[in-house]
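Before I ask anything, here is the structure I am working with.
Lettered A, B, C and D in written order, each chain numbered from 1.
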Amino acid sequence: MRRRIGILTAGGDCPGLNACIRGVARAAYELFDAEIVGIAGGYGGLIDGQYQEMSKRDFSGILTRGGTILGTSRTPYRDMRVIGTDNVDKVAAMKDNYKWLRLDCLVTLGGNGTHKTANLLSEEGLNVIGLPKTIDNDIWMTDVTFGFQTAVDIATEVIDRLHTTADSHGRVMVVELMGNKAGWLTLEAGIAGGADVVLLPEIPYDINKVIAAVEARGRNKKSFSIIAVAEGAMSQEEASMKKKERVNPNPYKTVAHRIAEQVQEKTGLECRAVVPGHIQRGGSPCPYDRVLSTRLGVRAAELIRDGKYGVTVGIHGDEVVDNPLKEVAGKTKFVPADHQLIRTARNIGIVFGD
Amino acid sequence: MRRRIGILTAGGDCPGLNACIRGVARAAYELFDAEIVGIAGGYGGLIDGQYQEMSKRDFSGILTRGGTILGTSRTPYRDMRVIGTDNVDKVAAMKDNYKWLRLDCLVTLGGNGTHKTANLLSEEGLNVIGLPKTIDNDIWMTDVTFGFQTAVDIATEVIDRLHTTADSHGRVMVVELMGNKAGWLTLEAGIAGGADVVLLPEIPYDINKVIAAVEARGRNKKSFSIIAVAEGAMSQEEASMKKKERVNPNPYKTVAHRIAEQVQEKTGLECRAVVPGHIQRGGSPCPYDRVLSTRLGVRAAELIRDGKYGVTVGIHGDEVVDNPLKEVAGKTKFVPADHQLIRTARNIGIVFGD
Amino acid sequence: MRRRIGILTAGGDCPGLNACIRGVARAAYELFDAEIVGIAGGYGGLIDGQYQEMSKRDFSGILTRGGTILGTSRTPYRDMRVIGTDNVDKVAAMKDNYKWLRLDCLVTLGGNGTHKTANLLSEEGLNVIGLPKTIDNDIWMTDVTFGFQTAVDIATEVIDRLHTTADSHGRVMVVELMGNKAGWLTLEAGIAGGADVVLLPEIPYDINKVIAAVEARGRNKKSFSIIAVAEGAMSQEEASMKKKERVNPNPYKTVAHRIAEQVQEKTGLECRAVVPGHIQRGGSPCPYDRVLSTRLGVRAAELIRDGKYGVTVGIHGDEVVDNPLKEVAGKTKFVPADHQLIRTARNIGIVFGD
Amino acid sequence: MRRRIGILTAGGDCPGLNACIRGVARAAYELFDAEIVGIAGGYGGLIDGQYQEMSKRDFSGILTRGGTILGTSRTPYRDMRVIGTDNVDKVAAMKDNYKWLRLDCLVTLGGNGTHKTANLLSEEGLNVIGLPKTIDNDIWMTDVTFGFQTAVDIATEVIDRLHTTADSHGRVMVVELMGNKAGWLTLEAGIAGGADVVLLPEIPYDINKVIAAVEARGRNKKSFSIIAVAEGAMSQEEASMKKKERVNPNPYKTVAHRIAEQVQEKTGLECRAVVPGHIQRGGSPCPYDRVLSTRLGVRAAELIRDGKYGVTVGIHGDEVVDNPLKEVAGKTKFVPADHQLIRTARNIGIVFGD
C-alpha cells in the first residue's frame, strides 16, 4: 500500500509539534509505503503551494525539539469567510494544491481554528485527519491536548519562582498566564504552584473578593499572596459589557497590571505584576507531551493505513480515541464552572473571586 | 461535623506524597472540623503507636517538597501473614491504636502492599481510605498513580543525557530503570526519550533480537543505540525458570550490565550500562503530580465528609473516581502485551526483543 | 571564644541568600561559640529593633531554598541622607540597637545600596562584614556576586524557549532582562542564549543599527532574530538627554515594547516583546551559587573568628578575597565598553547597536 | 588573510564541546577568511584522514546541543608511546595528514590526554591550539574547564533528589560521582548538594571516620546522611598499596557499593548506593559552560588571527588567558589537601574521612 501524505502545522507554535510529526512519519514509514510532503507555514503554504518532499532523515532527532520544523502561521479561517469570493478562492486553492500535490490525505496539527478549516476541507471532500495541538487545552472531546502539560510545567515554575520573592518581601505577586478564552492553563498551574487566587475567563471576578482574600491571608500571618490570572480574565463589570465596549485604553497595561494596581491601592501591600508571555509555548516538550503527541501522531498513521478520514485524534483516560472532525470543529472546551477541578481548588481554599 | 483523621504513608517514598497529604489536610480543614493525626513511619508507626498531633501550620509549604513529612517504611503485609499469631498481634495492635487514638478514619498513601493492608484493616471494620502512590503506576483501576509522571520525567532526562554521549561516541547505552514487576515507567520513558529497544518485565526478551536491532541500526548509518531496560526485565530463558532458579550470582551485576556485556561481545560495539537508581523517586513532584495528588487528596477529604469508606481514590480520564478497596487490593496492573501504548511503540520501530 | 553575630539581608531578594546565611552560621557554630541574631526585614529591622534569636536548627534545610528566611527590604540609604536629622536618627537607631542587642559584629548581605550603608556603619565604629549579593553582578572588586549565575540560568532558559517560537513563526522576539544600570545579566544570558542583538545600559543603541542587524539576518535566510535588551538600555538620543527629560509617558510600555514596535514598523516583520520580570530573581539557587555563597558566608565567619572587620568578601579566580568596605562602597561595576566579553560577543557577530 | 583550520574533539564527550566549536568557527569566519576542516573521531580521524569540509551552516543551532558534532574518541597518547615504531607512524600519520589537508593550524578540544598529544604535535612543528574540555576540571593553569559546571549541576540535582529519599526513610545514601584522579566534581557537588561526607581521590579515607560521622548525625537526631564519593576515592589501606595490588575482585561492586556495605554493617542503618554514571557528561551545556566555551573558542580564533600557536586557552578570574601548551601538558590539577574550598567544606562540618 502506498500513501502520499501532506502534513501541516497551523496556529501558534507549541511544544510537541515535532514529536507528533515524527510519530506520524515514523509510523507511516513503518506501516506502509509512505511519501510525506511537508507543507510550509500552515494553511498559507497549502494555499500558496509551498511544500517540501520529506524523507526519513528529516524526522530524525526532532522528538525533543521545540517549535515546528514545518513553520506555522495564523492565517485564520475567519478571514477566509470574511473576504467573500476571495474565501472561495482560498479554499479552492487548497483543494487544487492538494490535488496537484497528488495527496492521498492531509494531516493538520493545530487548535480550534485549525480544526475548523480542517473540517471545512473534509466537507469539501478531502481526506483530512486532525491532531489536537494547543497549550490552551480547549479542544472538544479529548481529555487533554498536546503542548498543554509543557505549558503547565513552565507556568508552574514561574509561580514557584515568584513564591520565594513574594515570601521574602511580603508582597502580592500577580502573574498573568496565557489563555484568552479558556482558563485550563491558569487553573492547573495555579493549583500546582500553590496560588491563593485564580482568575479565569470563565468565572468573572469581583475585585473586592480578590482584595478580601488577600487581606484574609494577612490576618492569618501570611504576609504574601500569589494571584494567578488568565490573560482573558474579566471583572464582572467587564463581563457584563458588550465586546466592543471593553476597550483597553492602554494595551501595554494588561489585566495583571490592572489587578496589581487595584489590590495595592486598596490593601497598601506592595503588588507586582509579571507577564511571562511567550515562554509558555516554547522549548522542548515535557515527557508527558512527548508520549502524548507520539501516541496521537501514530494513531493518525494507523487511520491512514485503515483509510479512515474526517476524524481528529484525542485521548480519553488511557486510550487514544478517534473523534469525528465535524463534532469537534467550531467548539471550544471551556472550564465548566462546576468542574471537579474547580471544586477541588475551592476545597483547598483557592479563591476564584466570584 | 468533627472528624479525627489518621494519616500515614507507607512503602518506598515517592514524589507527590506531601502534596497529597496537604490536599487531604487543607480540604479537611475547609470542609469540616478536622483533627489530623500524623502516623510516623508507615504501618509500623500505627503498630507501635508513634504519632503526632498535626496543625494547619504543618501542612504549609509542603506542596513542592519531595519525600514525606511523615516518614515511610516498608513493613510489609507479607511479613505479618508469615509470622502467624504475631500477625494477629500486629493487626490487633493497629486496631487498638486506631481506637486509642480515637480516630474516625485512616487515610493510607501507598502502593500495592499498602493497599493490601488497607483492605485488611477495612475488612476488620476500620474506616479506611486509600490513595494510590507509586512510581510504578501498577495500581488497579486508576489511569495513573501519583509519583509516576515525576519518575518518567527524571528517567527521560537520564535518557536524553545518555543520547548525546551515545551519539558522540557511537556507543550502545543500556539504561536500567525502576520497575521490578511492571514496566510502565520504562515504557513511557523509553518512548519519551527516543529509546530504540525497550525491555519490560512483562515481555521476556530474546537477546539475539536485541542484538539484531542494534545491528540493524548500524546498517542504517546510525552508529549508536539506546536500550531502556526495566530492573525486572528477564530473558526468555530466565522467564521459563522457576523463581528460585533465577539466582543472580553477582547482585552488583544487574540486568543492564548483563545486557551491555552480551551486546558488546556479539556486536563489537562499545556498550555502557547506567543504573540511575533512587534518583527516580526523589525530589520535588512535577506539576502534573502536584495537581493529581492534590485532586486525589482532596477527594479523600470529601469522602470523609460524606462518610464513605473502604474505597481508594483513582483517576479516570478527566475525573477522579472512587474504587472499592477490596477490588483494588491484591492486584497488580501489569502492562498488557497488547496495550495500545505497546502497539504505538512498535509502530515507531521500537523493539521489545520478543 | 564567644561571638554574638547580627545578620541581615537587604535589597531585592536573590537566589543564594539562604545558602550564604547558612554558610555564615554553620561555620560560626563550627569555629567558635557563636550566638546568632537574625535581624528581620533588612536595615529597617535594625532601625526598629525587629530581631530573632536563632539556633542551629533554623539553618537546617535552607541551602536550596530561594528568597531569604530573614526577609529583606529596600529601605535605602539614599532616603536617610535626604531626610536630614531624621537620617542621623536612623543611623543612631541602628547603632543603639547594635549595642542593645550586644552584638560583636554585623553581617550584611546585599548589593551596592546595602554596602553603602554597611560602610557608613563601619565608619561609625561598628564591626561590619559585607557579603556581595545581587543578580546584577555590579559590585566592585569581586569577579562575580552570588545570585548572578542563577539569574543567568533563568534568563537563558527564557531565551532558549523564545528561540523555538521565533524560529517557527519567523518572528523577532525582544526579551527584556533585569539590569537597570549594569548589563552583565543581559550580556551573559544573551551570549548563552544565542541572541543576535544585545542592548546594554552601558552602550546606548542606534535603533537603525538594530534594524539593520535584523534585516541582515533576513538576507542570510534566517527569518528570525532574538534581541536581548536590559531594562535600563537606552537609545543614543535618550542617553544624551538629562535624566529628568527621559520621561516614559507609559510606564507599562517598557523598552522591549518600544523596540519591538520600532523594528516591526521598519522591517514589517512580526515582533513580540517578552518581559519575564521577577522570575529572574526567584527560586532555588543553582549549584554554582550554592557553592559561591557558601564559600563567601564561611569566609565571613572566619573573619569574625580573626576579628577582621570593615571588609566585604569577594571572589577572584579560584580564591575568596577580602576587600575593604570603604573601597567597595559607593561604586558600581558597569560593563566596560571594551571588556573582553564584549569583544568576544562582537567576534561571534553579536550586534550591540553602537 | 586566509586560514585553513583543522578542528577535533578528543577524549570523553562533555557538555560545551559544540558551543566551543561554534565559538571558534563563528569568530574565525568573522575575523578572517576561514576554511574549517572537521576531523572526525578525535586524533584517530587525523591518523586515518577522516575529515569533512565544513561551512557556516554546520555551526548553526549547535550552541545548546550536547556531545560533539565531530565525534570523539579515546585513542590515547599512551598507547602510541607503548607501541614503539608504530607510535612514530601514528605521529607521522598525523603530520602527513595535517600537511595533506593543507592546514594552517589545528585546534584540539580535550582533557589532559588530548593536551599531551597536542603538545607533542606542537613540538613536532605543527601550529596547535588547545582548548580545555573536561568534566573533571583537572587541567593545569585554568580556574575551570568547560563541561565541569554542567556536570556539577547534574551531580547536584542527583544529590538533591537523594536527599528526599534519605530523609523520608532515615537512610544513608552513598552517591558515586565521576572523577577517577581528581575530586573537583565530587567536592563542588558535595557542597552544593549539602552532603555530610565527601570522599575524594586526593584524600584517602578511614572508613571508621566515615562511620563515626554518620553515627554523630544520628545523635543529633538527624537520622539520615548523604555520602558523596568520587569513583577514584580510596581507603587509606588501598592508598598505601601498590597500584597492581589494588585489584577489585568484582568490577560491578564499585567504591560506593563497598562503602554502603561497610556503613550498613557497622551502623545497622539502611544504606543505599547510587551510581549515576554517564548522565554526568551528557546533555545540553548549562549557561555558564556556554559562555565559558564560547569565550575560549573565540579566543582560539583570535590567536589564529594573530598567528600565536603552541598555547592552550584558559580562564583566570574574569579574563581569558593564553597558557603555553608545554607547561600545561602532562600535568593534572588535583585538589590540594589544603585548598580553600576544602577548608570551607570542613568549616561547615563536612567530613572527609581523614
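Here are some notes:
Rule of thumb we're sticking to: a residue touches a chain if its C-beta (ideal position, glycine included) is under 8 Å from a C-beta of that chain, and two chains touch if they have at least 3 such contacts.
Only a predicted model underlies this, so the values are computations on that prediction, with no experimental measurement involved.
Ranking all chains by how far their C-alpha centres lie from the centre of chain A, first place goes to D.
At the interface between chain C and chain D, over half of the residue numbers appear on both sides, which makes the contact a same-residue one.
One finds 42 Å separating the Cα centroids of chain B and chain C. Chain centres here are Cα averages; for chain C and chain D they lie 30 Å apart.
In whole angstrom, the spacing between the mean C-alpha positions of chain A and chain C is 35.
Residues of chain B in contact with two or more other chains: 160. Arrangement of the chains shown, judged by which pairs touch: one closed cycle in which each chain has exactly two touching partners.
Taken together, the chains touch in the following pairs: A-B, A-C, B-D, C-D. Only residues 22-23, 26-27, 30-31, 63-64, 143-144, 149, 152-153, 156, 160, 188-189, 191-194, 286-288, 290-291, 294-295, 298-299, 301-302, 316-320, 340-341, 344, 347-349 of chain C touch chain D when the two sit together in their complex.
Every residue of chain D that touches chain B in the complex is listed here, in rising order: 9, 12-13, 15, 17, 65-68, 71-73, 154, 157-158, 160-165, 167-170, 173, 250, 252-254, 257, 272-279, 281-283.
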